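Chain IDs A, B, C, D and E follow the sequence of writing; residue 1 opens each chain.
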Amino acid sequence: MDKKDEKEKIGVYVCHCGTNIAGVINVEEVSTWAAENLKDQGVVISREYKFMCSSLGQELIQKDIKELGLTRVVVAACSPHLHEKTFRNACKGAGLNPYLCELVSIREQDSWVHTDKVAATEKAKAIISGGVSRVVYHEALEPLHVPIHPATLVVGGGIAGIQAALEIADAGFPVYLVEREPSIGGHMAQFDKTFPTLDCSACILTPKMVDAGNHPNITLLTYSEVEKVDGYVGSFVATIRKRARSLREADCTGCGICWEKCPKKVVDDVFEAGMGNRKAIYVPFPQAVPKYPVIDRVNCTYYIKGTCKACEKFCPTNCIDFAQQDEILTVEVGNVILATGWDLFDTRRITQYGYGRLPNVFTSLEFERMSNSAGPTGGNVVLRDGKTEPKVVGIVHCVGSRDKNYNEYCSSICCMQSLKFAHLVKEKTGAEVYNFYIDIRTPAKGYEEFYHRLLEEGTHFIRGKVAEISDATRLPSEEGKLVIQVEDTLTGNQLRVPVDMAILSAGLEPRHDSKALAKLFGISCSADGWLIERHPKLDPIATMTDGIYIAGCVQGPKDIPASVAQGAAAAARVMGKIQQKEIALEPVRATIHEEQCSGCRICNNLCPFNAILFHEDRMVSEVNPALCQGCGTCVAGCPAGAITGTGFSNEQILSQINGLLLLNVPKKQAVAA
Amino acid sequence: MTDTITFGQEISNLLHAAEGEPLKTCIQCGTCSGTCPVAGYMDNSPRQIIALINLGKKEQVLESNTFWYCASCYHCTVRCPQEINITELMYALKRYSIWKNRYKEGLIGPTFSEAFVKMIVRGGRSFEPVLATSYIFSFNTREFVQEIQGATELLLKGRLPLLPARIKRLENFRRMIGRIIPMGGLE
Amino acid sequence: MTDKPETKFEPVIIGFTCNWCSYRAADMAGTARMKYAPNVRLTRLMCSGRLDPTFVFKAFAGGADAVLVSGCHPGDCHYINQNYKAMRRFHLMKRVLVQMGIEPGRLKLLWASAAEGAMFAREVNSFVEEVRALGPLNWNSNHVHTADHVMSVVAEGHEHEAEVAA
Amino acid sequence: MKEFAYFPGCSLEKMASSYHMSAMETTQKLGVKLNELDDWNCCGATTYFYIDELLAYTLCARNLAIAEKTGLDVVAPCSACYKNMFFTAAHLKKDEDLAEHVNFALEEDNLHFSGNVKVKHLIEVFAQDIGPDELKSKVTKPLEGIRIAPYYGCQIIRPQKEKEDVEQPQFFEELISAIGATPINYPLKMRCCGGSLIISSRTAALTMVRNLLQSAVDNQAAVIATACPMCQVNLEVYQQQVNLEFGTNFSVPVMYFTQLIGMALGIPNKKLGIGKEFVAMAPTPLAVETAWGLPRKTK
Amino acid sequence: MSKPKFAMYWAASCGGCEIAVLNIHEKILDVDANFEVVFWPVAMDAKYKDVEAMEDGSITLCLFNGGMRNDENEHVAKLLRKKSQIMVAFGSCACEGCIPGMGNFSNVNQLIDTAFTTLSTDNPQNLRPQTSYEVPEGTLTIPTMNPLLKTLDQVVDVDYYMPGCPPESHQIAAVVELVIAALQGNAQLPPKGATIGAGNSTVCDECTRKRNVKLIKEFSRIQLTHPDPELCLLEQGIPCNGIATRSGCNARCPSVGAQCIGCYGPAEGVVDYGARLISAFASVIDSENPDEIDKILDGLVDPAGQFYRFNLAGSLLRGSKYAKNGA
């Protein structure tokens, strides 16, 4: 690579890291080598020190910057992921632009992974040579500043979304809470009791729903979906379709006469999990927020046949509006929280468990509705005939979870859910209950105690994954029952357990459309379909896209307390952002040089963040720096070489390759190439 | 560079289509045993066999009748949540046991298998009457009588061959087998 | 050929890693003190999508015996799906390298997540061995007669044309 | 006219000759040509895989290589033969090393297998290549009123090949409906008949046969239909021994599905090999009802 | 005052560049009016020794076309460099190797074998040319082939680059005008090392075809399809090099329905022309499945030929600047 005209003054600092580096690499030799051989590159000083990251080490660099007038700094120490910020700040403190400092790793990638001291020392020289060659082409950069809009978009009105919305609204910032269903509440609204304390789910959830519905800072958009998202952290613009409820909300009192009078019954496979009916005009459940019903146009007689209008006839406030159109809203927000929750694993997929074929096999959600006193059976646990109480009930754990044929992951809530079911069955019917489990996982507060309580209650626990549930009876005692076939793995016995009712504790799955959601918001989702967090341990709330956060089961299976905690945490992160009023972004960005751009449009769809805009009038493309995440794919893809990427420019990388191959070193000194 | 190879590795090496050591991923859930139609007759259930292999209990495994009872129905295999091919494992154990010439006494499986293999090597096709001699003498009297009765009836209905079938290019066929195993080993 | 042990060929390999997964896999190998061959020198890019074929060609032209390209697993890219673009370029690059007389075994694509330090170390070791077996890069003596290949394809194309015309 | 290479397998030579006869007759009637493979050898059954895997693959590969020469897909009527050949073809295609070993041996018979043969079970020819609709259109004597238990057995379905339903497949039922009979739903249709355990572990196998017969009878099956010679022998020939062993009184005819299809196509019984059964099937549906009565519980 | 001196030379090239110069029509008279042509082997008789006799720097403008295939080419290049004030690498061969540069896919022996042993050659004694041969009259010599063809700037210092195979006549006319104006003090010459007679962008800049976001499911060869005359060729799967090729030709090929093959070479600042195309073509393949990607790539019959038809001698992998054993 051609050298630049003006020579830079470069300082090289080699860290011992105690013996972490110096134990394998001859640090003194490396330092001297750099001073001698990288002179032509502009190295004017090369030092080694015990701990470069210590305040003394940093002062050493700062002193040289001031006294020797260094224009570039290369530190050879640990991974940039650990101390890049440290050394950049040190340079900044001495008046050197922080981006003119390069940290190269001779610890994680050299001394810690090699044993041959000579080879490791030579490799360290090459790494430093690469860093020096690269740093010559560094540019002084300034972080980008973007203002933050104070409003927040929360997608999903389950417990996680409600919690997040309330926290932010209570802090005084506006929130748009978007929910696909006619009411907020999510899955939690379907439950009867919640483990391990067995509080009534409605009793603890309803007040929060009402708060969210009445909050002056929360704009509730139910029966609505986000269709498009543009913009970037600080100023997103979301396009929301508010589906027609077919009534004027302003006039509706939620009196309920319309759904009483509606002649059309529909099987409710959302809220009632197919266990009960609703009308064509309906609220999903009595405590729904908002209280207004919707007309389900697919099933409404009027929309099918053109006549009926019973609801309109009886409505006391005359609010029914059959001609109502969907509304398209655009809202501007600074941050987004995604809390769209989960879908239940389709138990029909495991044919040997007989769901859908054998009537008395139930899913967990069906059982939730059945045991709910507001549910289709009035809270009675009965067989599919609607009246017979079971005498023996089998609860199958891990249905669709921990199984490579379906989902490999543990759904994490099923053990506790199954224990809860076992308790409820016993309490309501006195039946014998068998739990078939692979492992009992009760890792949170109060959970193990709940398990002990169940053991004391006399529930049977059989360790073995159920092989099949069938109606193939063999013995008189099995007559008319379902036979659960399983190995009791603790004794090695083959068991055939006859039961009246089997409950499949089905796992949680990502929403069927989670991949579309991820695409819509420009974030990543795993192969399973769970959205990917920025860091699995240290940042489970944020995503790789600035300004977009995730909470609750959209990130992975979790229980109510964890969902609430994540909702609140996401809110805290958003509020922190809003308070900053503006944010600084890393200046690693792509830029298109307009005079070189031919408008060929190769780059246009290389950007998953839609940061590249094509101007039809001028026939050139342009990068929006606030949307650009700095991956550099367009830089590599531009056939005209018209795109440059700051921080990782072609010159920097090509020059670093030269350095790594020691092509910048006088020939006789080139080592072990 | 490991000098010693564990029993689990030995068995894994015999699993032709698998990669790595699939048995290590067993979570001992018991689906295989619960599914197995013959598990009730086995002294160790398939799940227990996997546990024993993972523990390195070679003797106990070889003393077990489990794999000789496997009917190759593959029901466990299609249901295993860890996608372990348990049926192939049973095959592997049979092979291992025959190679080591170690199996539980009183089993018909091993002798029957060897007789079958020899028969094919000789003629290229299966011939039931010869085969019968490999096992019928180990039956108890009642079973023996039943088997002979059944065979007689089959013969009367024209369903038993009287002469062994042979393929045409038998010489080529034998040389072909010779390239896999030296003939002396089996003849 | 009599190779003395002390003259064992030590290949120089340039590696390109992405900032989020594969570089962190290398970090992870370090933190866990896993040992691997010192022949690979890494360059960090923000994403494997940044990988410009120029970099690879530059490394070969500058004397590297092999090039390692590493990124997040497909589906796990921190920039959504940019690693797929790297994969596509990798496939085309490989074809061009062969025509340029460079053995395809000198360019390796490795998907590594931040947790796969051990895998990273293992793969580096096996790659170094593979390259060692190939020997030093000396592509001027490896002229491939691409003409033959191309002519045969062209001939095929003409036959096809004839069919279309008929 | 569809054409296949046909690998009958050892059983069909004598023990299951009626399967062979009915297969040839029915396919011919339905416009499918089966060309018996030249000089085929035993597929090795399950037994070979017990002793030497490589040898087992070689045996199957020899047949596959012979089939490959004909350029036709190969059809096996026996489930074990089918499974062995299907997976041999799949493994050899995937594993070059294995293919090299096997082809080295095949050289002795001037053969080479390059992986270009698709292996089908005979019943797949009926279910997929002919199809129930086509079959239905050719039926002249529908078996109306006969309740047939489709018995899938093991190795047609298992192990899983792609992502097909291995627990509740329906194609056998569809074929039975196509010939005008009533397919019955019984829980053990996918369960094992015991296979070669009938020799090596007699009690276990007889119990399995007993359970299967019981399940079919409990669901009022007049006939059990099979697609495998091994299953047929275990379920039919060993019925007497089951009765002796367990004190039961089973007398259920077990027919090859091709025989039943042949009856519906109006092919004379003799050509279908009917008459070699241990338990004869009644000549008319009415007779089925009276001869065995419904339901027929034992014990 | 005598007229400024003009020279033009052809090294490894086809002569098309000379024709392009003559093709500037009446402007050629301006050349004659303003310059004294001292050396132009195609147009007039001249001897090397005449050039050798000239004073260093006495030629004002030298248009040098052709690549450095043998030692004679190099010798003349060095000679003319010494004698010329302005040395222009004229045409694709001098700039980046062009078609003769494709010889760099093979080594010298392979090239000679191809030339002397293929079916179309009548060579029953299997003779090969020798660089020197003794005859009674003395030693006969012919130039020695270079292991790799080099571009002009790999041998001598070049002042300006003028790309194209051949350079477009309207561009040549413009350059001639500019040089004349500069000599008369009416214009300024561009900085040394600049590319002259071409645009700053790529062919797409001058192409009038409609273009959209690109997603390629299949590459096809132009003779096998009927491309839409209005739409970008690359979008239709036709491997058009226009996206990466320097503008200046007025999109001559795409405008008549043929794909750009890249004779104007890389855009400003590009290190390796082929790499740009590899990256761009591959980036817009519409598949995430490795097998499917391979299938799509099968449509590119000869990728290296596609990407390096003109640039091989200037490329990273087959340019003698980089090839270790090349020079």
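The definition used in the following text is that contacts are C-beta pairs under 8 Å (C-beta built on N, C-alpha and C of every residue); 3 or more make two chains touch, one makes a residue touch a chain.
Everything numeric here is computed off the predicted structure, so don't read it as measured data.
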item	value
Chains touching both chain A and chain E, listed by label	C
Chain-contact steps, minimal, separating chain D from chain A	1
Chain-chain pair with the highest tally of contacting C-beta pairs	B-D
Centre distance in Å when chain C and chain D are each reduced to the mean of their C-alpha atoms	50
Where chain B and chain E are represented by their mean Cα positions, the distance between them in whole Å	72
Chain B and chain D: spacing of chain centres that average the CA atoms, whole Å	22
Centre distance in Å when chain A and chain B are each reduced to the mean of their C-alpha atoms	49
Shared-contact residues (touching 2 or more other chains) in chain C	52-54, 58, 62-63, 81, 85, 89
Multi-partner residues of chain E (each touching 2 or more other chains)	271, 276, 279, 283
Junction residues of chain D, two or more chains touched	167
Interchain pairs in contact, sorted by label	A-B, A-C, A-D, A-E, B-D, C-E
Residue numbers on chain C that touch chain A, as the complex places them	10, 12, 14, 23-24, 26-27, 29-31, 33-38, 41-47, 49-55, 58-59, 62-64, 75-82, 85, 89, 121
Residues of chain D defined as touching chain B within the complex	10-11, 13-17, 39-42, 44-55, 58-59, 62, 80, 91, 94-95, 98, 101, 104-110, 154-155, 158-160, 166-167, 190-192, 194-197, 199-205, 208, 237-238, 240-241, 244, 276-278
Chain C-touching residues of chain A, taken from the complex the two chains share	79-81, 105, 107-110, 112-116, 119-120, 122-123, 126-127, 130, 518, 522-524, 526-527, 532, 544, 588, 606, 608-609, 629-633, 635-637, 645, 647-648, 650, 653-654, 656-658, 660-661, 663, 672-673
Of chain B, residues touching chain A in the complex	27-36, 39-40, 44-45, 47-48, 79, 81-83
In the complex with chain E, residue positions of chain C that touch it	52-54, 56-58, 60-63, 74, 81, 84-85, 87-89, 91-93, 95-97, 99-102, 138-141, 143-147, 149-150, 153-154, 157, 160-161, 164
